[in-house]
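Naming follows writing order (A, B, C and D), and every chain is counted from residue 1.
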Amino acid sequence: MIEFTHVYKSYDKNYILRDLSFNIYKGEFVFITGPSGAGKTTTMKMVIAMEKPTHGQINVFNEDISAIQPKQIPFLRRKIGFVFQDFKLLINRTVFQNVALGLEISGVSGSIITKNVTEILKAVELYQTKDEYPLSLSGGEQQRVAIARALVQNPSVLIADEPTGNLDFETASIIIDILKSFNNKGTTMIIATHDKTLIELGRARVIDITKN
Amino acid sequence: MIEFTHVYKSYDKNYILRDLSFNIYKGEFVFITGPSGAGKTTTMKMVIAMEKPTHGQINVFNEDISAIQPKQIPFLRRKIGFVFQDFKLLINRTVFQNVALGLEISGVSGSIITKNVTEILKAVELYQTKDEYPLSLSGGEQQRVAIARALVQNPSVLIADEPTGNLDFETASIIIDILKSFNNKGTTMIIATHDKTLIELGRARVIDITKN
Amino acid sequence: MISQKINYLNNYFKIAFLNIKSNIAGNIFALSIMSFSFFIMLFFMLSYINIYNYMLSFEKNNTMIIFLKNTNNKNSEEAHFNKVRFNRIIASNIINKIKKFKGVKKVKYYSNKLSYKFMIKHTPKIKSILAKIKPAYFPKIIKIYFNSNYISKIYLSNIYLRLKSMRHIKFVYYSKLMEDRINQFIFFTKIIGFIVLMFLFISSVFVSYSAIKLIILRKQNDIEILKLIGATNNYIKIPMYIESGIGSVFAFILSLILLFAIFNIFIYYRFNNFLAFFKINIIFLSSFDVFIIFFVALLSGILGTYFSSRKFF
Amino acid sequence: MISQKINYLNNYFKIAFLNIKSNIAGNIFALSIMSFSFFIMLFFMLSYINIYNYMLSFEKNNTMIIFLKNTNNKNSEEAHFNKVRFNRIIASNIINKIKKFKGVKKVKYYSNKLSYKFMIKHTPKIKSILAKIKPAYFPKIIKIYFNSNYISKIYLSNIYLRLKSMRHIKFVYYSKLMEDRINQFIFFTKIIGFIVLMFLFISSVFVSYSAIKLIILRKQNDIEILKLIGATNNYIKIPMYIESGIGSVFAFILSLILLFAIFNIFIYYRFNNFLAFFKINIIFLSSFDVFIIFFVALLSGILGTYFSSRKFF
């Protein structure tokens, strides 16, 4: 489903990724690890065409991403949920509006939005803060909003960058459980992390990008 | 040195902190823990007068913070280094300029700034990225810039909110070592975290704010 | 598909209103800047139209004056009576000829006495001097009014030459020089008016361009986030056009109200009386002028949005 | 301490330039909006000064005309000679009396012939009519020029009454009504000019207020961060004042250059010739006027910064 073949990536002639190749299959649960600055975030960004590989080929849903039409990019991104390391929440929209965003841009009607958003907010234990603005949330709460926004669209792939960096062990376990349940329903999960406890908890395949 | 006595804090009538009392002495190394949303960040913000307690008294450097003059706040903050959970870097200044900021606002002359900033950037292993802008850094690198900015002023107290949330174990160890060495030179350290590995690594007093 | 389109459209309006609400400061700023620029535009239009109107009043002065030769002045009562009759015959003769010319609207005859009264009425400044002169010394005048659509330099000079060749006519006066100069001036007023309007249009496009670009710059972060989670360009742009459209209309209405208020204050304090003293008669913009500026305003808003948003997509 | 102060000052300028550099788009926008507003201000000032100047040319018309009584008209050559001599004696008598009045600058006597010539020269439109009148029918005139600093309504009416009571004087003419109206108009022009300038000043304070507020809003995040790591209000505000000061000065220079260019294009294409035809003589702003606007511009920039930054600290 997601296929990296001999991918190289450089910023200003510094190669961050060299000859990275891996394959992620439909319905898998995969961890991507590596030390700080190894290129985990960069790798994931390339999947949703936020960054282009310097060399090599990336296939997503059996399509070559480097040849994708700019017009097609939004539709690719709607099929892939992404939890950003820095959350990327809109600070002048409430928690509810932030989570609803993904559905709104796909043109889903209002009643369905309300139903789905309410459901997912309850799952990440944030329903009571639905009318708060992101800046009045704790770091861990913001992270959970970002996760909820990615999950609410029921994407076929979910990419999460350090989704539990700001969460204590208990909350992290709850999040992992949610991710697992979505995985069981068929969503492919790709999680970047350096938290060894999380990896142990997840018990899944690990791709260490420094080793490729 | 930092003394909370019967501190209560509420946002919109929801009490987040109830009857919190503790004492941190000069030269100590303290961890503050608690689950996501427990009030760790809020507690630390109160030390630098970013938030006011609803009830109770907070003494910092033997002064009552709730009675502080607005004009005095900048001078209090210059004595306390703060590593924010969301880093709070200026995105249109380079790494070097961001770290130099704390010295500049204190009116330190240019040559001393260059010397000190260079030193601290080398310590957190970021000297090679000194001319990059924060947005082109990885999450862990941004976090280390935030730490460097707080340390460069040689503050008498350093407060770090989740300083290793985005760091792998090896980098986290390096950071802890740096913090320890500053602590040995007399800086009081207050670290908020829920990372049990970090607490084990730090081997220091733990204040669990949910237990007060 | 149609229900989804309606859903989208509904959404676009919702987003536009949300954007306006969430950035009140920026929008009020953009609104006032645009109002300011439209106001200046309207004000120039008003000034221009009044100046042009004033100029036109010269051009509309579509008359020609013929001075008839005085017959010999005899001092007896009987001769005087004869002379008056004789003059009348000559005048009506000439008038009949003139009336046959194409484009002539009205012909009026002033006897010595009438022309004396006419002079006194129209030159109040030297009234005291004229009052001392005997009416008999004043010329007999025939005044010709032309249809305004016939007036052209060639037509007038044609008439002029035909009249000059007639008997009993002393000379013909139609301030040719004046006409020429005023025509030239009107031409330049037209050009200057056009240039000023173009200049204002461009600067108002620039103003709304910058106002909207600044709003976009503030929202750049939000736009990037939206694009990262799969928003199409239309999803981001259309609300922006709606936003700036609403803004332009409001700004225009605001500036029009402002101008109207100022105009009425001006009228209220009878400042126009002082202008009337200089034979300047001020008028407000016609609804057609207002419509033109409205169109220009809307266009500049939309063009501004187009240019400012182009870079970001 | 002093070295630290210098260090700070140095820093403030460095920060101001850094801010300008890091937000080029916003600053160019603010600059052009401010230029736009200053340009309008300068343009109004230019228009106002020219209108005022034009008005003033009426007021400077500080003359009074006295019509002398005509002596009995006898038709013999000898009587005519005597009459001329007699008239001269009367005239010089009156002139001597007038010259003793305070504030009189010059007195000029026009005999019938001279006054005839004068009339013909000053009323070109009815020249043809006047040409048919005998010079002897024209009045003898004495024209009085006053020192301009003596002219006041009371002074003139005083002189008027004194002259009227003299022998051999038929009537005195000084277009009282005209004077009154023009004085009134000048008064209103002054008031309107003042109001318009105030209005422009306020709107230009508003413009720079909004421009700077928008810049601050964009920097709000940065400002908060700076305050969190111990920056004093001065550290944040002073560079902002420097920034907006530099901005105001640049905007002002830009708008002045623009106005000057337009003015010279106007002169180059000799549009002023057409205005001269209406006895309007256009002038550029004096350096004093420019200085006033510069001061107003700078003030509005600083006031704008003050108002916009006040809320944030």
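By our rule, a contact is a pair of C-beta atoms (placed from the backbone, for glycine too) under 8 Å apart; a residue touches a chain by one contact, two chains touch by 3 or more.
The chain list, named the UniProt way, goes like this: A, B = Cell division ATP-binding protein FtsE; C, D = FtsX-like permease family protein.
Quantities reported herein were computed from a predicted structural model and do not represent experimental measurements.
Student: Taking contact as defined at the start, I'd like the list of chains shared as neighbours by subunit B and subunit C.
Tutor: Per touch definition, common to subunit B and subunit C: A, D.
Student: Taking CA centroids for every chain, report which one is farthest away from subunit C.
Tutor: The most remote chain is B.
Student: Once you find the CA centre of subunit A and the CA centre of subunit B, what distance in Å lies between them?
Tutor: A distance of 29 Å separates the two centres.
Student: Roughly how many whole angstrom separate the Cα centroids of subunit B and subunit D?
Tutor: For subunit B versus subunit D, the centre distance works out to 64 Å.
Student: Please report how many Å separate the Cα centroid of subunit A from that of subunit D, as a whole number.
Tutor: Averaging C-alpha atoms per chain gives centres 69 Å apart.
Student: Line, ring, star, complete or other: which describes how these chains touch one another?
Tutor: Chain contacts: single closed ring, each chain with exactly two partners.
Student: Judged by the touch rule stated earlier, which pairs of chains are there in contact?
Tutor: So the chains that touch one another pair up as A-B, A-C, B-D, C-D.
Student: Name, in rising order, each residue of subunit D that touches subunit C in their complex.
Tutor: Touching subunit C: residues 25-26, 28-29, 32-33, 36-37, 40, 67, 119, 123, 125-126, 128-129, 132-133, 137-139, 171, 173, 175, 181, 184-185, 188, 192, 203, 206-207, 210-211, 213-214, 217-218, 269, 271, 274, 277 of subunit D.
Student: Note which residues of subunit C are touching subunit A in the complex, please.
Tutor: Per the touch definition, subunit C meets subunit A at residues 3-4, 7-8, 11, 22-23, 222, 225-232, 235.
Student: Would you tell me which residues of subunit A are touching subunit B in their complex?
Tutor: Where subunit A meets subunit B, its residues are 11, 33-37, 40-41, 85-86, 136, 138-141, 144, 161-162, 165-171, 194, 196-197.
Student: For the complex, which residues does subunit B have touching subunit D?
Tutor: Residues 48, 50, 71, 74-78, 82, 84, 88-90, 92-93, 101-102, 104-109, 149 of subunit B touch subunit D in their complex.
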